[in-house]
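Once you scroll down, you'll see the structures, which are given as structure tokens.
Here come two complexes built around chain A, the first alongside chain B, the second alongside chain C.
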Partner chain A sequence: MTGRWSWFNISSVVFGFAFLYLPIVLLVIYSFNESRLVTVWAGFSTKWYGELFRDQSMLNAAWVTLRVGLLSATVATVLGTLAAVSLVRISRFRGRTLFTGMVYAPLVMPDVITGLSLLLLFVSINFDRGFWTVTLAHITFSLCFVAVVVQSRLVTFDLSLEEAAQDLGCTPFQAFMKVTLPVILPAVVSGWMLAFTLSLDDLVIASFTSGPGATTLPMKIYSQVRLGVTPKINAVCTILIALVTTGVLIASIMNKRRAMLDARAAREMS
Partner chain B sequence: MLRAISNRLVILIPYVWLLFFFLLPFLIVLRIALSDLEYGAPPYTPQFSYTDSWAVIWDKLSQFDFENFTFLFSDSLYINSYLSSLQIAFVSMILTLLIGFPLAYGMARAPLGLRPTLLMLVILPFWTSFLIRVYAWIGILKQEGLLNQLLLWLGVIDTPLEILSTNKAVYIGIVYSYLPFMVLPIYSTLEKMDESLVEAARDLGCTQIAAFWKITARLAVPGILAGCLLVFIPAVGEFVIPDLLGGSGTLMIGKTLWIEFFNNSDWTVASAIATVLLVVLVVPIVWFQNAQARATETGK
Partner chain C sequence: MPSLGSIRRSFTPWEDAGAKPYISFKNVTKRFGDFTAVDNLSLDVYEREFFSLLGPSGCGKTTLLRMLAGFEEPTEGELYLDGQPLKGVPPHKRPVNMMFQSYALFPHMNVADNIAFGLRQDGMEKSAREERVAQMLKLVKLEEFARRKPHQLSGGQRQRVALARSVAKRPKLLILDEPLGALDKKLREETQFELMDLQQQLGLTFMIVTHDQEEAMTMSDRIAVMDKGIIAQTGTPAEIYEAPNSRYVADFIGSVNILEGKVVSSGDGHVEIDGPDGKFVGAVRSHAPADGATAWFAIRPEKMRVSREKPDGVDNAIKGEVWDIGYLGDMTIVNIRLESGKVVQAAMINQSRIVDDPIGYDEHIWLSFSADAGVVLDR
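Let's turn to the complex of A and B:
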């Protein structure tokens, strides 16, 4: 779509972004507030960050979250990529409709249903709740997001390239690793990042499936928020926002550089 | 031959995973929804055990009790929770569309060089934690919060508005959290749209507004539909937003389920609530799946 960028368009964009960003900006600003009250500004201070790093239970929760996130994102990326490959490449197999349904349904499934159903599964097979149950639950819902992200890239991939590699003596696995994977890698990487942030973010499913000793950071934040808003929570939130923002920005810059290098290589070849 | 085996493995691994961790749990929810409540761990007496033969299962099936379901429909709390969830999700969806469409439209008409940045700016909040974004609103909407301070200072109001702990705060929270889900699909349909169609309509005598309704809005329908479903379905089962921003009067089924499960430890009723919620949502979910599958097919 092209056309004139009217004042109406500009103001709706500005209004939309102000709405999206103002609450986050305010949250970050008030994490540097001297006062214990989050709504009264009493001068700049970083004391809440100091207090945060002395809070052992908060640090433990952060450590649990980090391990769950890294492990579940990695497994979900492998499984999600396999699911995407089956959806795109293999147009007919028994139970394909069921499979498609199971891949797309978790994208919109309310967390309370997913959480409750997984908990009941773990209870009925007598699996002790804790680190592993949260990780398994996170793998399950994030693998579907990975599948969708990878799938959208895979549909544009020219299958004959992989066939050529196989004609030249590659096994299907080698052909996939050497030809297809490098092409879909940006999608796989963003799928991993998405899975990681989804895991970092999840409160409801973790609350259902977690057990003693496996309190994740969102669970910790939630229990403190229920007691009241404090600048310390603002400080944790600010750190998380900073981490995620940096990660996303680095990834997008790397993507852009890659695209530029590809374009240059294509120019030199022609 | 090798290809056939590897193909089978590629499907089998995620397939079995999803069968075990996604489909089987739903069957267990159903089983427990049909069980009786018992005090102990786990707090229910199952109607089936995994070692039952078919004959035994059939025998038990014939004497099923839908006690938990009849209980749900006899207590107005549950029915009201479902209805009020649907209503809150629907109103929020419309509000999200009203803010999201102009934003997506404005983005699609922005200068080409600016669009990747704008897109990035919509996606970025989506990556930041949901819980954090909901939490951010508490400080703004509180009685002595920033919004009231601003409005009092401007002289717009004399007494602070009561927004937090009411349904208004829940609407704001849902619209805010789900806005990117509405903007992204609409933007991607509008971006691909051929502007010359609108020009042709103008040339043929349409006013600007008529051309917008007849061409732009019509062509954006798939994006609008996808966006609405992406907002509506999860919003119906939302727990965090009504719990943190809503008040005691805010009835939403996700919150009711949570309370049944965590506060009352009534697993059987919680399972029955989940089952009914799934039945309520199955039509929009299947609709969404079909739309997704169609979009991928045309993407090929």
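Let's turn to the complex of A and C:
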């Protein structure tokens, strides 16, 4: 490895990035297309965005998705963190291996099966399908992802930190809140983000468990596409991409700033 | 003000039958499943004592500390602190602070906040708290590092932060779990004396766990040597070293040569044993083993003299051959093969820089030692 820019290196980087991002770039470009036809360029326009914001059903779907995402990610984060803590902490309890396996299983379970089984459950207990069933379904599957993310952090967490907090006067609950949680917070936050993203782009499980009046954005987009792709869909997708990108950027900037502040504090004092 | 030495010399509460113990383990047993970590152990520690628990890993010493701090409850038996039973008292309600082996510094807080953590938890008001933190930082000489995070400190600095944090609340008892384990040798030796000063300054009772016998010897008023959940012997460093009660203790602390034999005669605090390595006269601790019983003569390497000629008027002298020589600078360790084939170790202090005719390899020499230099052990 010389670290030089050879033609081979450059072309593989270009090809790789093109493969990943070209479709997205095209989608964004065509969202500003004047033409009704998605594939024919007819000049720059933002009219599809205007149209999008006048489309009440699309806005409703976006609102439902946002609410489902926020609620399910938050609940899943709380439950998933608790599951991870007890799995790591209580090293020997009856059925620990079984329980651990059962937390991981939904990760590899096909969405269709998860969706169908939840649908059967809701039907059999006569639960009216709608906003709450989608939210419950999303909590169910994203909980496992949160548990896995938090658990991987907790494995390297020094338990004596918590004991030290207790030794200095904390109840076990205070010790968790003041020491454990702040230390594992990055993992909890990324667990939340993962859960939120999963909920945001889930189509299959939502289709199974949703009912009238609770159409999520992916469901809406999918049904619209079946009637023909309009640049309006491109516009929705562009907004989603912008949101996600902003979120990722903010998170990484915050991380970097904190690291810089730490380093500066250390420099000033030494 | 009296010197540290005079305080230390006159401090022997364990010899006073009327003294009230500060910590009391009464027939404490702790089991983890099938494994018995601590086995029917009783121990008294007195106020302001510097007490060490010494033993190999897995001997139960850390479990003993964790029971005192409240992280484990005894399976059987009772624990008393200052006369109060500790049963069922959770860690955060015990007037005991612990310094952890891993230091357990809170990584998301800076040094000052780490030290202030316990004070904040007690609801100490801000000005008093800041004053105490400043005092603690001064004590451990880390004033300039108050705003650093633990990961920006060296190992020795972290150790001092952990120490400051554990004494900030002015506990009457400080428990230290292998406090110097992560430091290099030089830093460890410096810190040993710092710890002793600190303990005297603050008037604390220290209970320390270590597997480093040198550390225990340097710092402690008394040492308990542990073996598989029981205390093999409790005593001052000198008692443990010079008058061990068993081969286990003799072997655990320092180097020792152990020569087996049968008791042939006894009297006047001395016993003579006869075995494959020769006949030896040695002192006994309390009672002499019966004639004919198997006993072991234990002698430290530095208490044996090596000479070319057989010395006159010594209690014990045996012939041997120099097998190996190790030069350590301050002393020279000589391994000597006895006529029986057993190899023993003798240490010679290097008092002069240059010796004209030093004892060399394969030389036939005499090992000599007085009767009081070694002890006869019955187990």
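The criterion applied here is as follows: the second predicted complex is superposed on the first by the 244 of 270 C-alpha atoms of A that agree within 3 Å, B and C clash if a C-alpha of one lies under 4 Å from a C-alpha of the other, contacts with A are read in each partner's own complex, and residues count from 1 in each chain.
Definition applied: contacts are C-beta pairs under 8 Å (C-beta built on N, C-alpha and C of every residue); 3 or more make two chains touch, one makes a residue touch a chain.
Computed from a predicted model, the values in this text were never measured in an experiment.
**Q** Between chain B (first) and chain C (second), which does A:23 come into contact with in this model arrangement: first, second, both, or neither?
**A** The first partner, chain B, only.
**Q** A:183 in the overlay: touching chain B, chain C, both, or neither? Say first, second, both or neither.
**A** second
**Q** Quick one: chain B or chain C, who's touching more of chain A?
**A** More residues of chain A are touched by B.
**Q** With both complexes overlaid on chain A, does A:165 touch chain B (first), chain C (second), both or neither?
**A** Touch status of A:165: second partner only.
**Q** Report for A:59: first if it touches chain B alone, second if chain C alone, otherwise both or neither.
**A** Touch status of A:59: no partner.
**Q** Under the contact rule defined above, give the chain A residues that sit at the interface with chain B and also at the interface with chain C.
**A** Touching chain B and chain C on chain A: residues 166, 171.
**Q** Please name which positions on chain B make contact with chain A in the complex.
**A** So the residues of chain B touching chain A come out as 2-3, 6-7, 10-11, 13-15, 17-19, 21-26, 28-29, 32, 42, 46, 99-100, 102-103, 105-112, 118, 120-125, 127-133, 135-140, 142, 144-146, 149, 176, 179-180, 183, 190-195, 198, 229-230, 233-234, 236-240, 244, 254, 257-258, 261-262, 267, 270-271, 274, 277-278, 281, 284-286, 288-289, 292-293, 296, 299-300.
**Q** Note which residues of chain A are touching chain B in the complex, please.
**A** These residues of chain A touch chain B: 1-6, 8-13, 15-17, 19-21, 23-24, 26-27, 30, 38-39, 79-80, 82-83, 85-90, 93, 95, 98-113, 116-118, 120-121, 123-124, 136-137, 139-140, 143, 147-148, 151-152, 155-156, 166, 171-173, 193-194, 197, 200-201, 203-204, 207-208, 218, 221-222, 225-226, 229, 233, 237, 240-241, 244-245, 247-248, 252.
**Q** Which bits of chain C are touching chain A when the two form their complex?
**A** So the residues of chain C touching chain A come out as 69-71, 90-92, 96-98, 100-102, 104, 106-108, 110, 117-118, 121-122, 144-149, 152, 165-166, 169.
**Q** Taking the complex as given, what residues does chain A use to touch chain C?
**A** Residue list for chain A touching chain C: 158, 160-161, 163-171, 174, 179, 182-183, 262, 265-266, 268-270.
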